[in-house]
Every structure is written in C-alpha cells, then in structure tokens.
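This report refers to the structure that appears directly beneath it.
Chain IDs A, B, C and D follow the sequence of writing; residue 1 opens each chain.
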Amino acid sequence: MALTREQIAMRVAKEFKDGDYVNLGIGIPTLAANYVPEGIDVMLQSENGLLGMGRYPTEAEVDADMINAGKETVTAITGASIFSSAESFAMIRGGHVDFTVLGAFEVDANGNIASWMIPGKLVKGMGGAMDLVAGAKNIIVTMTHADKHGNSKLLADCTLPLTGVNCITRIITDLAVLEVRDGAFHLTERAPGVSIEEIQAKTAGPLVVPDSVPEMVL
Amino acid sequence: MALTREQIAMRVAKEFKDGDYVNLGIGIPTLAANYVPEGIDVMLQSENGLLGMGRYPTEAEVDADMINAGKETVTAITGASIFSSAESFAMIRGGHVDFTVLGAFEVDANGNIASWMIPGKLVKGMGGAMDLVAGAKNIIVTMTHADKHGNSKLLADCTLPLTGVNCITRIITDLAVLEVRDGAFHLTERAPGVSIEEIQAKTAGPLVVPDSVPEMVL
Amino acid sequence: MSGFNKVVDTYEQAMAGLEDGMTVIAGGFGLCGIPEGLIAQIKTMGTRDLTVVSNNCGVDGFGLGLLLEDKQIRKMVSSYVGENALFEQQLLNGELEVELTPQGTLAEKMRAGGAGIPAFYTATGYGTPVGDGKEVREFNGRPYILEEAITGDFAIVKAWKADTYGNCIYRHTAQNFNPMAATAGKITVVEVEEIVAPGEIPPSEIHTPGIYVNRVIKGSFEKRIERKVTAN
Amino acid sequence: MSGFNKVVDTYEQAMAGLEDGMTVIAGGFGLCGIPEGLIAQIKTMGTRDLTVVSNNCGVDGFGLGLLLEDKQIRKMVSSYVGENALFEQQLLNGELEVELTPQGTLAEKMRAGGAGIPAFYTATGYGTPVGDGKEVREFNGRPYILEEAITGDFAIVKAWKADTYGNCIYRHTAQNFNPMAATAGKITVVEVEEIVAPGEIPPSEIHTPGIYVNRVIKGSFEKRIERKVTAN
C-alpha cells in the first residue's frame, strides 16, 4: 500500500538525530514535526528568522509579530532565537542547518530538483527553496512517487526549471526510500506491501535495485 | 607660525556639521573631539564596534570590556550603540560614516594616501585604515606639511605603499588647508602668519595658489 | 544632540523627496513587520513607476498590495508574490515587471548594498533560471554565481521601538528583512510603535544603529494576520 | 533537549580534536573579549603549525601571544600585530608568516565563511599592496578587489553569557570579532563568564544563535587591560 501523507511524514521523522537543526518545507515536511521519535529532539528553523519554532498558538497567544515561513501564526520554544532574514539565510547557506525536508515536482538521477515553477502556469516565486537546497548539509525530498496521472516524478533528467543542481541525495515517497548517487536512484526501502515491480514501473529514471529491499519500519 | 597639534585639531573640528557621524584616527584626529564648536554635536564611531564613544572613564568606571579602536578604556554616551566588527565596517565601507579624520605619511596630488607601511621598517598592519579611506564620504588628512627633515609630505606621487587611491579630498596641515582635485593641491587657507612662499617651498606636488588665500580662523 | 534627532511628525515629512521612478526597499515578510503608514503615504502621494524591493507584495488591499491599485509599481524584486489577484492581473497584462530573487539572495543583496559590498558569490540559484546570464565561478571545486548588491533611493522600515537618534529594535519575527532594508536606503525612514529616549534601549541590544536611519515616525498599526492558525 | 546541550566541563573536552596544522579563528580585539582559557588550553596541548586568524596576536605573555612562546603559530592572519616583541622576532627570523588583512575585510571574510559566501568584492585595499594579485573588477565605474571567505577547523570565541543550547550574548565592546568567528568554525567553542538556562536570554537579544555553537565552557577571566586611560 502506498503510504499516506502522515506515513511519509512518520518515515521522514525517523531520519532525525537528537540535536539536529531542521528546516521543514510546507506540506508533508511540516507534518514530520509531529512524529519525531521519543528521545529525539530536533530544533526547527523557520527561514523568516526563527530558530526553535514551537507549536501553533492558543487563541490568547496569537501574535501578529510571531509567524513562521508559511506566514502562519506560531510560537517559539524556550531557548529559541530570533534574527534577521540575512542571518537566517547565513545559517542556511553556510551549511549550519543539519536537515532540510522539502517537496518537489521532479527529482532526477543527478540529484537535480524542480520544485518552484511550471511553465505556462503563473510563477509565484521560489521563496527560500533555492537557498535551502544549495545550503543544507542533508536534504530529503518528500513527494508522491508519481503524479495523479501516474507519471513518474523520478526522472533521468528534470524537465521543469530547476530549483537546484546536484543537491538531492535522499528521497522519501509514498512507495519507497531512495538514495541518489552515481547518476541513479538506489532503492533502499519499500513501503509495506508495495512491490518492487510497482516501484520500477513508476520510476522513469535509472533505478538500481539491490537483492534485498526491506520494507520501511514506520 | 606653524600650528601646534592642538591648533590643527581645532581647525579640523570646524569642519564638523551638527549631526555628523565621525571616525577619528589616533593622534591629532582624536584631539579634534575636544574642540567641537558650540552648538555642534557629532557622534564618534570607533571601528571596534561602538557608535557614540564618550570620554575616558573615571577610575571607578574603568571596564575591560569597554575600549576604543586604540585599545584605550573608554565610555559610551547615552544613546550609543554597540555591535560586531562586521557591522562596524559595514557602516564604514557602506559610506554611512560622514567624516573620517586620519593621519598620513604622504598624500599625493591624485588623492592617494600612504599611511601604514614604511619599507625596511617593521610592518605592524593597516588596522582599519584601508577600510576607512575606501568607505568614508569625506576624509580629512591631518599631518605636518613636511617631515622633521623638511621633506614635503604633499607629493606629486606617493613613494610609500598606499593605503588607498584617489580618496583624499582635503588636507589640514600645520601650515595650510588644501583641497585635492584635478591632479593638484589647491591652497584654500594658510596658518596665521605663514607665508605662501613657505607653503610653496614645502609642497613638492603641484600646488595651485589662488589670488587670495585667507588665514585660518581657529 | 539636536542634530541627531531623527523624529518627524507627519507622513509628508517622512516620505518627502520620494519621486516617480525611484527605487524603494521595504522591510517585512508577508504582512508581518511592514511599515503600514509609510506604504499608505506612498499611495496618498501617488508616486509612480516605482521599483519596489521587498520579499513579498502584500495582499489585495493591504500592505504593498495597496500600491498596485493605482498601478504605482513598475517593477517588483521579490522572492514570492503569490498572494494577490491584482498582482497576477497586472503581471499578465505586462503592466508590472517582476524579478524573482531567492529569499536568501534578496536578504544578502540588501545587506551588501548597505555594507559597501557591490557583489558576492553564492551557490543559490546556480544551474537554475536565476543563474541565467550571471557569471559562474568555481571556488574549491563548487560553482557559484555572481549576485550584485541592491540599494534604494528610499528604504521604508517597520521597527518596534526607536529612540530619537534612530536606534531601533524589532519585535519577534517582525524583524525579518527590516534590518537589511534599513542599511540600504539613501534615505531610510523607520515607522515605529513607540519612540523612546536615547539610552532606553541598551547599546548592545540595538538591532539597527541610528547611523543608518534618517527619519523616524510614530505610526499606528493594524497588524493584519495573513494566516491565523491556532492549536486545538 | 539533551541533544542541544553544548556544555562541556573541561578544557580538554572543549578543544578535543584540535590537531597540528589546523586553522583556528579567534574572536577578540586586542586583549578585549578573548577566550583566555581556550588559548591557554592550546598552549597546554602544544599543538603546532597553527594558522591563527584573529585581528591581533595578543601581547607578550598574554592572549594569543602565549602561543608564540613555544612557536605554535606558523601563520597569523591579522589586521594589526604591533604589540609584542616575540612576534616581531619570529617574523624577522622567518619562523612566523603574517598575512596582513584590512580590519573590515577580515571581519567580512569571517562572516562570509560562516554564511556560505565564498567570495565578495570590496573597494578596501584596491591599488594597495593588499590588492596585489587579486582580481579587480568595476561596478558602477569604481574598481573593487575580490576577497575570499575564511573558515576555520576551530573557532574560539569569548561570550558574556551563553545558555546551554549555545545561544550567546556579548558584553559591551568585547563583542568585536566574536560573532563572526562563531559562525566560521567547523567546530565552534565558546568560553563564557556565565552559563544560563535556555530562555533566560530573550530570543531577540541573542547575538549568536546556538546553531553556530558546538561547545560551551564556563571560564574565569583575568580581562587584562591593554591601555588603561582615565579621565582627569
């Protein structure tokens, strides 16, 4: 069975190590914060200038001056720091954020990612995504393995305008966990009950399948 | 009569306008702070990270964590700000400091300045001088017109390694006030009792002398 | 210290000198930490053909979105502009030009503009449409692109408190782009919630030293929230 | 949040991993705001062939000057090194190399190193010996030189207070180069006067966010004054 959004987020959260500074993109990546394993603490960086992002506020706590990068009202944890956008991206660009998790339209076998622009559709902008993919030490892309028409999002070469080149090393989809290296997708885990054949069928780019591909533990 | 150090400082201080942010180098420039005219306020920037440098501390006020760019104990005025060296030089390099006053070994008719290195002598470093001459909106050089052997310090071309190029527009010496433009020194004022002939004799670079050269008012 | 008193009493004084065709750098992220009254004053003045540098362009009817209503903006330099229909319409009509700039590059361009750094290299945008036509150079085996600094004729900034010398502090994440914007204007105008006496903000807690600030005005703020989300 | 507790108990732990030939970036201006105990620990360890990046090199017998006594420093990157006789002697003997760097360029190189900016242009040093061999480029008709970022294997930093997560504030002008140094080390070690609980330093008053900091140690400081000058 293909994973749900929540299950993808659960699998993402297993990547975190205690003490990681993590930037989570909008959507599935944000959900991962709900599934951080027991005994593991991560600190969330929000690129508008907040390190140590907390939960959503209660009605009484709502403060227009306290928002996250998705422009949602938010709180700060005890021990948070708040700073300018230049400082925030100095952190990101300088490789101080341990993990970035973000969505994508396409990833290719060279680790290129397209996530911000579909020609012909109105372009809203890249926000901080290009900085994040250029700067983070580890990047995890979360997305469905194929689009709603069944077209693979894991390609030999991205067809859409890129967000970054040669920067994606790990992908967690609804079907599988894959590493990107040496010009190919390397299958390392499959979703429970998902066959290797299905993953092969939905991976357009070169796919390396080892002899044994364990099921994910969620 | 050639001006004393204090008199040079007095003449420098007359350049200040109310509301100027000023960086004063070590020596005569620092003395200028003592002669700021009535009704004029300037705020002193110290490049180690202090805007609003105050007087020297009393014995009780001495604090090892509060020093100026000359590494002397100092105080801050009410309304001062304190920041990092990167911020301090962002201010300087970015042209936010209105006035820099500094000494020099030589200045030439193209506005080049040499102030930090005498070949054969041990080189201690340029500190912030190169940043200051590259960044300030207005720079005033204060120095004696000639060295103790009588050699002019106002040259056609500097002979010593430079601190900055094409950046000096105004010089106040013990003998005269001069503007530097169009490849020449333009005499605008002379020290009380100093003859034009003496200034001419002690200016090695091209000197333009207008019909009338008023005496300085101190 | 009257020469250092940056306080002005009216919005007319605050934005005096703004002319058609100028570049305005604005602080704020979404609707958070925006100089509401200064934007309204630009609308009142009717200044046109502006280039506005700001991470976003507000929403329909609020923030910088107000300046779209009378087509006062010719060009936006932003990282994300997806929040208003008028923007979309003017963009499609060709009445408005947009230069999309990665958020971190935008922040750094403003900082560089204020800091006398004319250009810098960054990996951000290399190999993407953002890098098109820009110089590529390798450092330690990695390719980077050259990005140039941004400065503005005006910078409009929203701070929490300023003293009369223009020393500013920002509140929570309303800081965002404001400190960099403050450094990058030929004339920097700061709209604040409170004006305090010099010395009230401890020197080492000041976010923006007054040397960057030309004018300070006390505003009143609606502080509209773009996405109110609360815990269950 | 045990994973974020950066506090170490001993100087051995604080400087663990420092090896011969490494680059160490040190905060401080003269003797103001220097990590006294971390410098002493490097002397104790006897690590050699170090490249030390710091605005100054202390004085004879104090600060970074201590590392000259056993010739632990191979190269200094500084803006001003005129305060000690041992430095002078080792320089003249050819035992020590010095790369003089303008003070503002040095600060910016550290910041750039921490911020993922591999190089930037500055007017500082153009046409002087500092510009020799560096690329010159014009922007808006003015020539600038290209300067590259600095990073260190270690950064040693002196802060006033840090919380256990490594969030730091600096006291008065002891701030100086410390915040930039903190960003530019592969391993950043901060020596502080006081360790406080997370939350004690208000989020917007933090000078150095803990993300840059790997280890925090409580030190005790002599705080020697280089030039005590008092008012009459």
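Going forward, contacts are C-beta pairs under 8 Å (C-beta built on N, C-alpha and C of every residue); 3 or more make two chains touch, one makes a residue touch a chain.
Here's who's who by UniProt: A, B = CoA transferase subunit B; C, D = CoA transferase subunit A.
A quick note: this is a predicted structure, and the numbers were derived from the prediction, not measured.
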item: Between A-D and A-C, the pair with more C-beta contacts; value: A-C
item: Separation of subunit A from subunit C, taking each centre as the mean of its C-alpha atoms, in whole Å; value: 29
item: Cα-centroid distance, subunit A relative to subunit D, in whole angstrom; value: 35
item: Whole-Å separation of chain centres (CA-atom averages), subunit A against subunit B; value: 55
item: Cα-centroid distance, subunit C relative to subunit D, in whole angstrom; value: 32
item: Residue list for subunit A, restricted to those that touch at least two other chains; value: 50, 76, 82-83, 89, 92-93, 134-135
item: For subunit C, residues that touch 2 or more chains besides their own; value: 108, 111, 115-117, 122-123, 171-172, 175, 203-204, 207
item: Pairwise touch network: line, ring, star, complete, or other; value: other
item: Touching chain combinations (by label order); value: A-C, A-D, B-C, B-D, C-D
item: Interfacial residue positions of subunit C with respect to subunit A in the complex; value: 29-33, 55, 78-82, 88, 91-92, 100, 102-108, 110-111, 122-130, 160, 171-180, 207, 223-231
item: Residue ranges of subunit B in contact with subunit C within the complex; value: 17-21, 40-43, 45, 50-52, 76, 78-83, 87, 89-97, 134-135
item: Contacting residues of subunit D [partner subunit A, same complex]; value: 1-4, 111, 113-117, 163-165, 167, 183, 198-199, 203-204, 206, 209-212
item: Touching residues on subunit C, where the partner in the complex is subunit D; value: 108, 112, 115-123, 137, 139-140, 142, 144, 148, 169-172, 175, 203-205, 207
item: Residues of subunit B that touch subunit D when the two form their complex; value: 46-50, 55-59, 62-68, 70-74, 76, 82-86, 88-89, 92-93, 112, 117, 122-131, 134-135, 161-166
